[in-house]
Amino acid sequence: MEHTWIKDIKENDTVSGDYLVTNKTLGQTRQGNAFLTLTLADRTGAIEGRVWDNVEQIASQFKQRDVVTVVGQANTYRNQMQIQIQGLKRNPSPVDTTLFLDSTPQNTGHMLSELKKISHGIENRHLKMLIDSFMADHRFVSQFKKAPAAKYFHHAYLGGLLEHTLSVARIVLQMSQHYPDLDKDLLLAGAVLHDIGKIEELTYDLGIDYSDRGRLLGHIVLSVLMVEEKLKDLKDFPPELATRLKHLILSHHGEFEFGSPKRPKFLEAFALHLIDDLDAKMNGLSKILKDDRQEGSWTAFNHLFQRYFFKGSVTAKADENREGIPAKESDQPYLFPVDL
Amino acid sequence: MEHTWIKDIKENDTVSGDYLVTNKTLGQTRQGNAFLTLTLADRTGAIEGRVWDNVEQIASQFKQRDVVTVVGQANTYRNQMQIQIQGLKRNPSPVDTTLFLDSTPQNTGHMLSELKKISHGIENRHLKMLIDSFMADHRFVSQFKKAPAAKYFHHAYLGGLLEHTLSVARIVLQMSQHYPDLDKDLLLAGAVLHDIGKIEELTYDLGIDYSDRGRLLGHIVLSVLMVEEKLKDLKDFPPELATRLKHLILSHHGEFEFGSPKRPKFLEAFALHLIDDLDAKMNGLSKILKDDRQEGSWTAFNHLFQRYFFKGSVTAKADENREGIPAKESDQPYLFPVDL
Amino acid sequence: MEHTWIKDIKENDTVSGDYLVTNKTLGQTRQGNAFLTLTLADRTGAIEGRVWDNVEQIASQFKQRDVVTVVGQANTYRNQMQIQIQGLKRNPSPVDTTLFLDSTPQNTGHMLSELKKISHGIENRHLKMLIDSFMADHRFVSQFKKAPAAKYFHHAYLGGLLEHTLSVARIVLQMSQHYPDLDKDLLLAGAVLHDIGKIEELTYDLGIDYSDRGRLLGHIVLSVLMVEEKLKDLKDFPPELATRLKHLILSHHGEFEFGSPKRPKFLEAFALHLIDDLDAKMNGLSKILKDDRQEGSWTAFNHLFQRYFFKGSVTAKADENREGIPAKESDQPYLFPVDL
Amino acid sequence: MEHTWIKDIKENDTVSGDYLVTNKTLGQTRQGNAFLTLTLADRTGAIEGRVWDNVEQIASQFKQRDVVTVVGQANTYRNQMQIQIQGLKRNPSPVDTTLFLDSTPQNTGHMLSELKKISHGIENRHLKMLIDSFMADHRFVSQFKKAPAAKYFHHAYLGGLLEHTLSVARIVLQMSQHYPDLDKDLLLAGAVLHDIGKIEELTYDLGIDYSDRGRLLGHIVLSVLMVEEKLKDLKDFPPELATRLKHLILSHHGEFEFGSPKRPKFLEAFALHLIDDLDAKMNGLSKILKDDRQEGSWTAFNHLFQRYFFKGSVTAKADENREGIPAKESDQPYLFPVDL
Amino acid sequence: MEHTWIKDIKENDTVSGDYLVTNKTLGQTRQGNAFLTLTLADRTGAIEGRVWDNVEQIASQFKQRDVVTVVGQANTYRNQMQIQIQGLKRNPSPVDTTLFLDSTPQNTGHMLSELKKISHGIENRHLKMLIDSFMADHRFVSQFKKAPAAKYFHHAYLGGLLEHTLSVARIVLQMSQHYPDLDKDLLLAGAVLHDIGKIEELTYDLGIDYSDRGRLLGHIVLSVLMVEEKLKDLKDFPPELATRLKHLILSHHGEFEFGSPKRPKFLEAFALHLIDDLDAKMNGLSKILKDDRQEGSWTAFNHLFQRYFFKGSVTAKADENREGIPAKESDQPYLFPVDL
Amino acid sequence: MEHTWIKDIKENDTVSGDYLVTNKTLGQTRQGNAFLTLTLADRTGAIEGRVWDNVEQIASQFKQRDVVTVVGQANTYRNQMQIQIQGLKRNPSPVDTTLFLDSTPQNTGHMLSELKKISHGIENRHLKMLIDSFMADHRFVSQFKKAPAAKYFHHAYLGGLLEHTLSVARIVLQMSQHYPDLDKDLLLAGAVLHDIGKIEELTYDLGIDYSDRGRLLGHIVLSVLMVEEKLKDLKDFPPELATRLKHLILSHHGEFEFGSPKRPKFLEAFALHLIDDLDAKMNGLSKILKDDRQEGSWTAFNHLFQRYFFKGSVTAKADENREGIPAKESDQPYLFPVDL
């Protein structure tokens, strides 16, 4: 059976596919008949579905967070698309997670190969052995290839962590040539390892979320703990080098308010922080601009950056229709909205 | 007639009791018939009610903010519980305010006795006489026993001010022993008096709110004005002692941004601020954790603290269902949500 | 045909007039019939309208942002006023923009005359010639008379820029006498020119919004560019005087966080900033207080100022009905809401 | 005997006059002889003085903070002007405080008369009686005429409080006409009373400093306590009016971080805050510009405003000699000094 | 030979003892003779010393940071006490560090016993075993007994870490009874372990300073790494309990800006943060007040807290002699110094 | 005559060369003899000089800011190197500015060629013509080759602006390939023009300082004004492209608090800001690390970044001798110095 992507559903379409039930509520019409309201999701969006027949029997088969196989018909009700569900059953088979999670557009195998190749360029034997010990750890590598780099913003899809890590490593290579004062080996090792704790900070089976450890300890400290564990087996790793490398990880968010327990204290720590920031912003902003569906030359208001983004080129005509200043701006006790 | 608590109402229940009308709106069906939509509240929650018969006659009997006696039937409409009201009349008798406001779980008489007993331990005769003059003021005492400590967060229920004051006073006793540099008498007097202005800052008859004086002057200044008034009658009260005591009150929020016109300038002022903060947070956080109804190991997002709280123990499995990053976090122009 | 103002529409009224269509959506009843949902706006508000007959034919005649001539009947549906539209056609004639935008309560001709008269009091011949060159520029003057001073808050209506400019200029005259150290000529010239960039920053045909140039460059820099252009033709304008004048414009928001690329560096720059701020706040606050419809002695929560405003006089009784603390307050990690 | 002003002392001058001893230290030359090092001050500055003869006998006559009559000779030692003291005795007579403290350039009697006249224009009889009760309080008036408005910045000289109060009241009169929504009576009363607590917050006998009460309670709360005391005798003063007036005082610093326990909540409170700020800045900045002795077109770096001020007119040539960026600027982790 | 404490040296005293050379500079008189200027320190202060004879021979014997045995004579030169050194030789024997570092006034043996006794009250066997494994680690215990809790402010002396840890643990016991919702075992374990990383963050042989690891990694992360290492040997330690305990350590500074990579997420984490803060402030403030040598009722300006502290009781008279507002205050662009 | 660099002067050296007089003061010995104290500077530092003979005659020959030719002898007085000046005369010939200002280590001709070559790669003919119009402006180019990029931190030497601009342009080329969403032409044009206003913001004859226009208008606005002037001659330059380019310049400091009147609103604006920041920090930090003269593994405290930097490698031993926490840190009211 073909899967109808939720974003593609149009009036009167016949809909079929496997969907994640993210909400399930029993209701009652004014006439006293039971009905079932569901939210069905795949990686392209979410839609409301209604079951009007056999309600109790169908409802008893599955619970929220299950994946169900659905057949139905799309129509509009109160200006919103809805599916009138004609058939529904729980899908007991192993789920194809790619239905529910986006993936990197790039090949993870190729990316890993390139990252390994770049790592082999590290001349310091201690740092090279440390990286090698991670690359030889199959459990680590399989997670590292799969993990996203974030729940929201940048590289927030399967394989995103690897894609981001590789991108940072490539820029590190270029900048190490551009700024010869940089210690290329240390910076590269930091680039490869700076976010590895995300494989434990996040969960990413049918959706991306934080794990309990992730919320309580954070990927920065988790990364350092993972490095520490590998270092246990590398007996002659120079202590100052280990300290410098851990400092790169601990300080890579740059400032306290972004959760860095330490601010950068030497050149490579600054470089890693700035390159990481550049890569995250380039990836995340490109996505905001691509995904935006607002008409006109400006995106919808972006809360993370507290501004509208310019999409330009379309038309320079002002559209008065845009929603008002978001509440957030209002904490400026000045009367002129300054720069949305 | 028994009172049905709003939080306990379930589908098809017969509902009866006295409720506060917090919203009253006349509507008209597409067929042109009048109906009445009400919001009914007691201290456990609020629910929508509908009157379909005798609408004009019933509507003319009462107005918003009245307490009404209701009989009706609960059902679900568009996924929300509603009461179809069959009988409704204004309740003209004196209202039992405990229907509408929570109260401290502790006995206010006992708490007051203990606070008096602790106050009797003050050795400085001036401070003791000052506290005594408050305790001998019946109008003050009756309000002091009844007032809440806040509209929202901590000790936000009848008797909460006394409960909080006593708790702070107890800890003050312990810390005065732990840190012998502290002037126990001054600190105790400050503990007893630091929040007394709340009996004027807040109103607490059928709900907790700010009074006009409260919003315009605030409990910190109101507390000082109340102390000043009592001091008028204590002619030989040492001026510097009076100044120190008033400073304790004026600085007990610790920082300007929390409305303190003065920051703590000596040891007892710091101690009172820190102990007050500890008691408020312990009480408030315990309540957040107890009242939370979110499934899984984390509470719903708490806006006051800008974070989720860990309830732990249940399961470490991630639930992807949690609502997205709240808008507030977005004023951090960094791409990684840092620490929710 | 008479125009029915939207704010005046009452149950069962017959409604007629020209309205701006700010939203247009085709829907379908459960029975499969098409209907049209519109949002109709004039300068007094917006209302929903429904077309049930001849839907396709009517819908094809106009698009969103068009002005349409409407005849219909008002009724209440789900507690909201609605227009059942009986006749609708696109209005092809030039639109009377005053239907859609508020205007200054004052006469723009008189205001411009007074501003010119005040400007003639400038004794420095260079500054006087510069102001004259603007006043002789008909395209500029026609925009300057029409432009609002803001999209939201203060003087946010046609003619608002002129009204605000004149008000600032009047106060400047008074303060120049009060503080003799002030260079009246420079300050007056700054007062007249400080906000002229708003005629390009904003669009104000059927509504007020930002232009693309406005969002990307801002009225502060646009004002300086407009001054620079006029200065090109005033060959012997003293360079330091030009620099001082531009500094007045660049620094008139006072602080970086309000978009000033420079902070005030001499007395006149401070004076202009402070007087501009005073005038904006007096105008804006008066409007908030006048427009507020909240019952009781306090306005609805104002997000721009993060507080309730006191309307006083009515009654000092507390109303518990007020909405809770808005989310924004919650970024204070202290438990007492400090000062709403 | 003529008083030689310290700022006028030049190499080889004979110096005579009454000076305040702000520092007194006994020293010993390498040869073992005692000598006395003093810091002598009058209102124009401070200078070091040395006594080489009769050291013990002279030193025993006076102590630090005494006023002494001195005769001596000025010379330069290590690039600093110094007085070789030939005669010194304690001055036992009542001190002419004008030697040590600057005074307002205006006549305090005239200023008080004008302020009273303006106050008589208050039409509300309660507010008028309140102001009258202060003006009839001789002890209050004599302090109010003498007190400075600050220790440092604005109106920091004897009579400064009255000068500032009158200036604010005058502007209030003008703005009440300019903005007819303002309640002139309330605003005027607030203008007269907003800073009266400064007569207790500061001490101003031989220098301006904070009193203990001033540091611990602050002039904002002290002003409210003084108003409260007078209100005791005005039995029928309307409570809401009293609350509004006290709110004007409590909120006149505008923001929490400037020590306001309340932020302005209605139009007059905003107006008072903004006008007070304007007057303080105009007075203070004029003084900075007048007192500055830096060569070139810029003042010395001003720490209060974190910037240099432009004195202009002199020459546009850059002088490289200026001291470097002060340390304070360095807390901006950006590499470009932004706006000094 | 008796050690003359530097703080006790008076004019003409004969001085003898072992001192740390913190500065050593060779100079030349105008006559061309060499002399040696030293800064000599013990734990009570520092003083300048001069060697005039045998300069080269003596200078060649020792270098900066050595401990030297000195005999000399105190005299005053340019208002500063100085030692004319008559004999000086390097002290080759093991140094008595108590000469150079303050120590806790309490008995470290007794404190450790009490801390162990309190730890034995932990009922959870995992947490108890973890604490035991630290207490059984002799190298750890010897450092833990010796380490200070800070370089500057609170408990900044040998044994300070243990003293602070014990004090926090004692309060934790009391608060666990006061607030029964607290998990006493977890909180106690957190109290004992929260600062252990300071034994590596600081060095404390002849003075307290940060180690390189300390500056680059910080005691918060170092503490977690030390806990992680002990947990390796406790195979069945429940993972969630370990995560909670590590979270207590990671979040105990409370806010990002104080270097916490995580903010408290459950009740015990808040409690530990608040109690730690209370204890640090009580200890540090007591010390500031005790050590202050400023005359009058106020301490010298304290930069850490940006205020003067009130010592009271002495005299309420204002002393105009106090130094001006420190530069730091000046970053408030408001004209009234708010609250020093 | 050879020039003795000030940084190389050692005890007893004979000194000769041309130096800038940055301070000139006449003094008098206790015996009544005149002497002259000078501060002499070249680009490597500054030193004090003394003239004891022919004082009046010599002093009359030159004034502060003149360049003088000096011969003298170095010796140490009170621990500071000093020059006893034996001969001094004003140098009337054109000054060799390289004695007083550092220059870029790179060849400015080569750098300019490379920048032109990179600019030729711009394909958009409008942007290419704009850049060409600057490169064809000889007056502009000669300043652009000479100007520094800052007064203090990064590229603060002659040729620094060109060096920085070229470095940013090179990275832009690389990043345009790495992130294909970037509009290379627009970004390159922005890179070349973003800082051109610095040729007017700064003066750089015998030292680097701000011009009056620079302080009052700033290089950001000056750059836009310079672009605007060139655009006047490029009649068909697309308006939206001009707006985008100006936005790149206006927003390149990234945040309001760094003087940007606009924050970045599209991808290229973000990229330019982040690359500019990276280049400035890499250049500036490398210089801090190279110029630091502090012994041990850490630099002196850096006020711009509010931290010490790690130089590592030397020795991991802690040196207790380091100066205390700088005052700035003290505005954190937390007791633990967090992260120096």
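Structure notes:
Labels for the chains are A, B, C, D, E and F, by order of writing; each one numbers its residues from 1.
Heads up, the rule we're going with is that a residue touches a chain if its C-beta (ideal position, glycine included) is under 8 Å from a C-beta of that chain, and two chains touch if they have at least 3 such contacts.
Quick caveat, the model's predicted, so the values are computed rather than measured.
Relative to chain C, the most remote chain by averaged C-alpha coordinates is E.
It takes 120 degrees of rotation, in steps of 5, to superpose the Cα atoms of chain E onto those of chain F. With centres set at the average Cα position, the gap from chain B to chain C is 40 Å. Averaged C-alpha coordinates give centres for chain A and chain D that are 58 Å from one another. Separating the centre of chain C from that of chain F, both taken as means of CA atoms, is a distance of 44 Å. Residue numbers of chain F whose C-beta contacts span two or more other chains: 212-213, 215-216, 218, 240, 244, 247, 256-259, 261-262, 265, 277, 281, 308, 310, 312, 316, 327-328, 333, 338-339. Taken in their complex, chain A has these residues touching chain C: 11, 75-79, 297-298, 308, 310, 312, 316, 318-322, 324-325, 327-340. Those residues of chain B whose C-beta lies close enough to touch chain D in the complex are 212-213, 215-218, 220-221, 224-225, 228, 240, 243-244, 246-247, 250, 256-262, 265.
For chain D in complex with chain C, the touching residues are 167, 170-171, 174-175, 178-179, 181-182, 239-240, 244, 247, 256, 261-263, 265-267, 270-271, 274-275, 277-278, 281-282, 285-286, 289, 307-313, 316, 338-339. The part of chain B that touches chain C in the complex is made up of residues 22-23, 25, 27-28, 30, 37, 64-65, 150-154, 203, 206-213, 215-216, 218, 253, 257-259, 277, 280-281, 284, 302-306, 326-328.
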